[in-house]
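Please see the structure below; I have some questions.
Chains here go by letter, A, B, C and D, matching the order in which they are written, and residues are numbered from 1 within each.
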Amino acid sequence: MKKVYVNEEWCLGCHLCEYYCAFANSNERDMAKALKNVSIHPRIQLEEGNNINFAVSCRHCDDPLCVKGCITGALSIHDGVITADTNKCVGCYTCILCCPYGAISPSDHGVIQKCELCTNNIKGTPYCVQGCPNNAIVFEER
Amino acid sequence: MLKEGEIRIPSGCAISGIFSKSGKRISGESIIKSIATMHDRSNGLGGGFAAYGIYPEYKDYYAFHIFYDGNTSKKECEEFLERHFDIINLSKIPTRKTPGITDVPLIWRYFVTPLPTKLSESQLDEKEFVARCVMKINTKINGAYVFSSGKNMGVFKAVGYPEDVGEFYRLSEYEGYCWTAHGRYPTNTPGWWGGAHPFALLDYSVVHNGEISSYDANRRSIEMYGYKCTLQTDTEVITYIIDYLNRKIGLGLEEISGVVAAPFWQVIDRMPKEEKEKYTYLRNTFASLLITGPFSILVGFDGGIMALNDRLKLRSMVVGEKDDTVYIASEECAIRIIEPNLDKVWAPQGGEPVIVTLNGGAK
Amino acid sequence: MGVNYLYPEYEVVRNMDRCINCRVCERQCANEVHSYDEERKIMCSDDALCVNCHRCVSLCPTRALKIVKSDHTFKENANWSGRSISEIYKQAESGGVLLSSMGNPNSFPVYFDKILINASQVTNPSIDPLREPMETKVFLGSKPNKIERDKDGKLVNNLSAGVELAMPIMFSAMSYGSISYNAHESLARAAQEAGILYNTGEGGLHKDFYQYGKHTIVQVASGRFGVHKDYLEAGAAIEIKMGQGAKPGIGGHLPGAKIVGDISKTRMVPEGSDAISPAPHHDIYSIEDLRQLVYSLKEATDYKKPVIVKIAAVHNVAAIASGIARSGADIIAIDGFRGGTGAAPTRIRDNVGIPIELALASVDQRLRDEGIRDNVSIVVGGSIRNSGDIVKAIALGADAVYIGTAALIALGCHLCRSCHSGKCNWGIATQKPELVKRLNPNIGYKRLINLVKAWNHEIKEMMGGMGINSIESLKGNRLMLRGVGLNEKELQILGIKHAGE
Amino acid sequence: MYKAALITQLYLKRGEKMKYVIIGNSAAAVGAIEGIRKIDTDGEIIVISKEPYHVYSRPLISYLLYGKTDEERMKYRKDNFYEVMNCKTILGKEAVKIHPERKEIELDDHTAVHYDKLLIATGSQPFIPSVEGLESVKSKFTFMSLDDAKDLDNSLTPDSKVLIIGAGLIGLKCAEGIRKKVSSITVVDLSDRILSSILDKEGASVVQSHIEKENIEFILNTSVAKFLDHKAILSNGEEVDFDVLVLAVGVRPNINLIKEINGKVDRGIVVDEFCQTSLSDIYAAGDCCESHDITTDQNKVLALLPNAYMMGECAGTNMAGGEKIYDKAIPMNAIGFFGLHLITAGSYEGDVYTQNIPGQYKKLFVKDGLLKGYIIIGNIEKAGIYTSLIRDRVPLSDIDFELICRKPSLMAFSKIERKKKLGGVIHGY
């Protein structure tokens, strides 16, 4: 299955992936409109250190602890993509407790949010990948 | 208007050739008949013939055919000839008044052999010596133009339709084992006798139909080797290339066709190793002598003839065979008219040379 | 000094309605033009630091940025241009030689733009490269003037070592040091896939790139950096660099700051010490010395590699080329006065040398006049900007061209001409790891391949139009060219007719 | 495990369907069903539960009362779950006895159900302390099941004064759930701090003061001596008036079915790493069992939903003839009260690393070069990275501990590890 992978060798730490993610999930058509005066909470997040940078988003594990741990059944797998039913989620954050990558985060609405490979927004295909200026983030079969 | 040598003149043409492998001597009639059938391929601004085996009695002497504007150039030229050659025989070339042929220059024929003293001090081999003399005359002596300089062969050309030219030179009275003919369709010249085809140097004569796109690349290269392209015609440069590769470099005609109409790399890559190396070598070494653009040529030489098309075959050319006679022409009709029932007719592939030589040698 | 006389050349224009404070401009600008004002919660910029490299402009996700030339002017003066004045301010302040990068930007005539190409109509057919074979393969090297046959009459290959190119294009010399590791990797991989060659420049060859040797020209320059037997044997050809179009007659100087890590290893120069290429080769003060170097290099590689001699196009280039053609060299590379550089004194770059078009035309003709054109192949460089330039160069007599600046532009260079600062925001002309990283060779080599393949296709289209289906029939085919707006002298030197003739 | 595998293969050879029976209908049961179906798609599965409901998530009952969810959304799996998984359900009936010799289960209506493989997922039940006068209290409730929640809810009025015995997870979630519905809540606990099972004293006080803001009163170090109808007299002599009583002092695993037939039990049913009981073809999973806590190397009841699911899945897989080991059990909790979130995991032994960041209370517990446990209150982002250090027993010497102490990040791992984690295909646990 095609997944999003990041190659830290080429990651510039420019944070654009985060903004493209936030934009994609705003479902707005214009980025400026979507993100002007907004402090973003992207589903892909950069880790940066001395000259090492890489972005982390849901790995869509084959055998996901978050889904198993979810107390409501809000997290489930659809053709390999782990998605969150925010209507079901009560924001207990057990998934955050379980995820070994820190790839799930609280949303602004008291529940959780995670990368769903842009399958559930207007972009349809991972927008962080499209926005990465250095091909550090790729969407491919491995 | 500018004439040949002052400007490059594209032209379409008709060509035809007859060759007897057994060396049977054929009169000029049939070649005239053949080229006449393709009347519409020329526009009356040039026609000519080359014939091999026509001077058996003088076969050891260079036969110079020369045009003169007038007596001054004739005088100057003959002085030059006397300084460099032993002139065995000289005469006006017999012609017949023909309505289609006008502005006739003085047309003389000389059978010559280089003066041994001159030849040795030139430190050149005989043919090179002769060739250089011809170039000297054509470039230095204003109004004189050597248009045929081989042994036991001769070129006859003029401004006019080829059939009229044949009539004019009374070619029915000549007999040779090989004839080539040319009808010309230049697009922007008043036509000049010297500019008509065939073009010849020593034994090589070339008739050509086409307009090569590699002209200036070829010209600038061949001129490095001591040739002077005074006419700026394809035929001239092709003749020099063939003379150079054959006489000076020593390539065979087949090899020459591998240079001037080289196979495409994609073809070469599919060849067996040895072939591949050979053609790669030829293309690499003589790259600047590759000829591109449309052409179909007949190269006459001592004891043989070669027909060759450009590698894309952008010009028509048909070959026919009957017994030991080979016919080559731009159009099949030009062959059928003289030999209705042929054993074999085919159109050679682009770049595939058709080489015919005397088996019995010239009789 | 007290007053700063210099007013910023460019202004950073930020559309505040579109700026979302993502700060990518700030993060990506090595010149630190942009900054974030925590209090006012807005991005700010310091125009004075901007070199107009467009990194921020290109990466700004909302297209909120553009860079404009400042309309601040000096008093109108046809003689004293703003540039001349500012340069005097700079020198009055620094007391130093002015440095510049990339090619001569001044408005000298570009002859390529005054030459037009022919096409077939009626009397002979144009050829459609999509339907018919159209050949751009080129062999570089000297050609024998006689053939040899073995006892059974078979032709013997008596060609001396040469190189084969899938198309008449090569990447010109750019040293590892002047450009980054990733830039070199991009060039090397592209050369390999495109079937052409790239050139190490005078910086030696990084061990990682020996694997691309078949597609590498190894350069031997006056500094002899990184030159050893393995290096010479690694390449497909050896280039002796006598001169460079951007700075004829002077050497090179790579500051010690850039001689770090692998660069120092590759150049065989101690870390931190300046790498200075002398103006001349101190073993070549005359043409016969050159001949000796040519042959010692051939000896060293037992005549398996062709030797290229690269010279800058200067006034008597034809005579020099004639000398080189008789020196045993197989290829002459001529670099025009617009050729690029990583750093050169501005005055030299802007005032020395001659246009490549004229140099090429006179060299090609001179070698033909002397009957030695086949001794060598001619490669020209110095601002080949597109496939049209290439077709014209070949029709003037070149065998192939060198592209440097064009290749860098394909890699992302925006010609800000600040290479000498070492802070290339595009990861090309820099050695700072965090900047070098910005050039991902996986992207870079594909862009280079795209470029040369596209150009090769255009070359074929133009050849087809002329009814030429093999590049060797275009070489020196000057009848295919016509000049426009050129005077008699120029036409005569170029050996072409004027349009309409 | 190989034994199960052999038997399954035997059945498959005979072209017969395996018959899986699951007693219980919660997380462990679902885990088992999904585990079985990954391997055996056509074996028969029967789910027996005394509750009449479609499988729902017990921990959600407090959110139900709080209004953050509803019965529909409480469903742990979609309505068509049993259908899709092709399970028979026997709901509203209780399994009263197992006859291992006959491989049968006896239901409370005396009908019998045959099994080839049996899973006990009976969960636990509230512990009712024996306090004098307790029987005299009319409206007293436990807080475990959906019915508990409904009953409690029905008895509440805006003026209700609620007394909750037990300041553990259940008690406090209950308090949060009903806070808006009643006039006062008092929580009594014997321990010296709230959430004593998952928090240290400091941490507890942080959470306590936050909850107290919602004017919920805590009386700690105290137990109820006796009940007098609407009054509770505490061990410290204090008296508390109330009209609704909630008992949340803890739970007891339902182990009887196994105990009766002499299966090995301790506090909970004892299972091996394949989640099999001491009895052949009988497995157990979830709150009714003990798990092996790798942080303390002790067996204990870990009444946690994720734990239940993973045990169930492990049992199911093995029941169906696959092979899965569950050996990474650790105590862990993610929970929030009135917007304050806390995540804790593992055991609190060894050296303590404290991070004092405003808005966050964080403690890491390190022993034998391993992270054993942690407590985070407030900003819980990326806490799972700590959890993985515990679960995978990552030697702290292999990572940049100083960095990871400050904030959970993959940066702390070696380049190779990062490559594995981020670059390669991710395999499950």
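Note that a residue touches a chain if its C-beta (ideal position, glycine included) is under 8 Å from a C-beta of that chain, and two chains touch if they have at least 3 such contacts.
Chain labels with UniProt names: A = 4Fe-4S ferredoxin; B = Glutamine amidotransferase type-2 domain-containing protein.
Predicted model only: the values in this text are computed from it and were never measured.
Each of A-D and A-C has its own count of C-beta contacts, and the greater count is at A-D. Chain nearest the geometric middle of the protein is C, using mean C-alpha positions. Chain centres here are Cα averages; for chain A and chain D they lie 28 Å apart.
Work out the mean CA point of chain A and of chain C, and you get 44 Å between them. Per-chain Cα centroids separate chain A from chain B by 80 Å. Between chain C and chain D, the centres computed from C-alpha atoms are 70 Å apart. By the document's touch criterion, interfaces exist between A-C, A-D, B-C.
Taken together, the chain D residues at the contact with chain A in this complex read 27, 31, 57, 59-60, 63, 68-69, 73-78, 305-306, 309-310, 313, 332-336, 341, 343, 345, 380-385, 387-388, 391-392, 403, 408-411, 415, 418, 421-429.
Interface residues of chain C, counted against chain B in their complex, comprise 120, 123-125, 127, 132-133, 135, 137, 139, 143-144, 146-147, 154-155, 157, 159, 162, 368, 371, 373-374, 397, 466-470, 472-480. For chain A in complex with chain D, the touching residues are 5-8, 47-49, 52, 54, 56, 59-65, 68-69, 71-73, 87-88, 90-102, 104-106, 142. Looking at the complex, you find that chain B touches chain C at residues 8, 10-12, 187, 210-218, 220-221, 223-225, 249-251, 255, 262, 264-266, 274, 277-278, 281-288, 290-294, 311-312, 314.
Contact residues of chain C toward chain A in the complex are 17-20, 22-24, 27-28, 58-59, 61-62, 64, 433-434, 437-438, 440, 442-443.
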